[in-house]
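Comments concern the structure below.
Lettered A, B, C and D in written order, each chain numbered from 1.
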Amino acid sequence: MSHSQDRPGFWTRLSNPGQFLIWSRPLVVPLVVVTAAVFLVGLWFALVNSPEDYQMGDTVRIMYIHVPTAWLSQFVYAVMAVSAIGTLVWRHPMADVSMKAAAPLGATFTALALYTGSLWGRPTWGTFWEWDGRMTSTLVLLLIYLGIIALWRAFEDPLRGARMVAILTLVGAINIPIVKFSVDWWATLHQPASVLRADGPTMPGSILTPLLIMFGAFTLLFIVLHLVGMRTEVRRRRIASLERRLAQRGA
Amino acid sequence: MRRAFAAIIVRDIRLALRAGSDALTLVLFFVMIGIVVPFAIGPDRVLLAQLAPAIVWIAAFLASLIGIDRVFRDDFEDGTLMLLRHGTLPMELVVLAKLIVHWLLTAFPLILATPVLAVLLAMDPGALWRTVISLILGTPGLAALGAIGAGITVSLRRGGLVAPVLVLPFAIPILIFGVGAIASGIGPDLTGSARLLLAAISLMLVAIAPFAAALAVRAGED
Amino acid sequence: MTLRQDLRRLSLCATGLSGARGERILFANLDLKAEAGTALLLRGANGAGKTTLLLMLYGAIRPLAGQIVWSGQDPEGPPFIHLFGHRAAVRARLAVLETLNFWRDANGGTKDCVEALERVGLGGLGSLDAGYLSAGQTRRLSLARLLVAPRPVWLLDEPTAALDPDGDRLVGELMAEHLAAGGLIIAATHLPLAFVGTSSEIRLDG
Amino acid sequence: MAFDLGPHAVFIIAAYLGVATVVAALIGYRTFEARSVSRRLSLLEEASGRKRAQ
């Protein structure tokens, strides 16, 4: 523990779990407050203060939560991929903690994206599930997340598991674009391009503002939950090492 | 006696839910098989709806076959099975307890996950309900066959791969009546009788599994 | 001391036993006699068939020839043998106390688990995952398994392996207490066993 | 605040309610996890007699 140094260098502050707990503690409460505030403003704009879309009518309001969650499902995977590189290349101790804390969040946001997507598609398709390109590749992404979480659970000792999960995550990062491309090809092969072009180039301001605010709200939500998750994971590992020491002392 | 029976079930479930075990991955495997098929067949909803009962049952069938090896493997390797021979519970009841745990950890989550597949495979609610019923009736039989296969191959070092192959032929009737109980094709509606036959097969298998598997386990350590 | 064991007095009389591993005959028409309250030590080099003989007495392996009779015990009665061997039957992800509770219930025991843990020197580690225990501690947990469900016959296979000196002392004490309570011990060991109690010895040259 | 959500109101409400409950569950589980882990950690730190930086 680097208590002896007077001012731990930037890198140790970032990479040492003990230091991480110290500097991340004051961040949690303010972040929670900001996230709640942005959510309230976002909901106010999304549900009340914006007109319905001339094309899709009121169902555009579902888009305000579908698009952010769909975007988050890929953003969280990017965070995990960067952490995976951190684990494998620089053996950064906080990297695998971040990876482990992010995986369940990624899976949940992807599931939410599918949930809201099927509700959004219901009025136009007439059914909850249509094998269209984007929705199907989101579904495959969910399976990848669940696979990663299953791999985390299969390892008893998280330290050993981290490198394996990092490798799988990176392999996933390479394969996701391929999956996306092939699924789109498969979808268009069997049906004309789906009419649902939400993010058209020209989006009237009245739709853009709620969308951007909700974007910010969901991203902040992820950051807060990820930070809390990482703090919990660091302490869970300290518990494991303390238990090991307790056992040795008891021998 | 009952305390020992409950102790085995509680311990095995607790172990399965802790980290370091892959109990819930079978559900993932089940859902994945269901999802993969439309990629091969194509997203045509009418065709998918017709094939949905077969897809769901094949997925359940393969998922339960893969889960067989874990029924006795861990307990055999760390000596628990050897010590249970002299527990208060006869080996037959130990096997029954493990059979119940095996069903709870593999088939039960499968049945809970069936609606997910139903939505993906464009199943109508009626078909979904019949699928759930046929899975509830059929999976105990699969679990029983699995326990017998596990008992026979537990002493083999590479037994994990042999068991599914041994058990699969005996499980074909369950598959036939399982799918039959959902949609019996163009002819007269035979789903009712298929359901009864499925239940009969399952009951018979669950009845003989403890004795057959206990015999195999007891002989296994010789 | 609630761990006091009130045991039925049994005696073993095995005649003409012969066992083999694969084709190799390990021992032939071997006679064993052991009275309640005494210990029978099986000596012999590694691979001399000590473990095979113990598993034969345990009922896991059928003898090629010969017969094992436990007098004073009706065959239909409740199980009466404890086996303490190399495989400690302890799962890494199960807590120490949970493991012991399981074995007390599975073997129909009634003794208090926490006290058994204290007796074998694992007092404060009840809520710890068994995976964190050292080899010696795991064997102590396995010893505790014998205490929570008292049974007349103990079959011990290298009881002092992986144990430190006060571990050996603990094994000696437990064996002495078991013999004093009228139990019967058959131990296979090549290390000297320090315990108070009448014992006879038999050598397997294999 | 009875605002009109149009003909497909039920889907909009279902979407928002679904997301709200799942997010609430996520937040609840993470705080519960954090609280129980830090409780167990302080327990262990007393047992091992050393107070680490919190």
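Criterion: a contact is a pair of C-beta atoms (placed from the backbone, for glycine too) under 8 Å apart; a residue touches a chain by one contact, two chains touch by 3 or more.
None of the values given here were measured: they were computed from a predicted structure.
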Between the pairs A-D and A-B, the one where more C-beta pairs touch: A-D
Chain with minimal offset from the mean of all protein Cα atoms: B
Centre-of-Cα separation between subunit D and subunit A, whole angstrom: 15
Inter-chain centre distance, subunit A versus subunit C - centres from mean C-alpha coordinates, in Å: 54
Distance between the centres, which are taken as Cα means, of subunit B and subunit A, whole angstrom: 34
Touching two or more other chains - residues of subunit A: 156, 243, 246
Shared-contact residues (touching 2 or more other chains) in subunit B: 19-21
Residue numbers of subunit D (touch at least two other chains): 47
Overall pattern in which the protein chains touch one another (line/ring/star/complete/other): other
Pairwise chain contacts, counting only pairs that touch as defined: A-B, A-C, A-D, B-C
Touching residues (chain side subunit D, partner subunit A) in the complex: 1, 3-9, 11-12, 14-16, 18-19, 22-23, 26-27, 30-31, 33-34, 37-38, 40-41, 44-45, 47-48, 52-54
Subunit A residues touching subunit B - in the complex, by the definition given at the top: 118, 127-131, 139-140, 143, 146-147, 150, 152-156, 186-187, 189-191
Interfacial residue positions of subunit C with respect to subunit A in the complex: 92-93, 121-125, 128-129, 131-134, 136-137, 164
Residue ranges of subunit B touching subunit C (in the complex, touch as defined): 1, 3-4, 6-8, 11, 14-15, 18-21, 74, 77-80, 82-89, 221-222
Subunit B-touching residues of subunit C, taken from the complex the two chains share: 58-62, 78-79, 81-83, 85-94, 98, 101-103, 105-108, 145
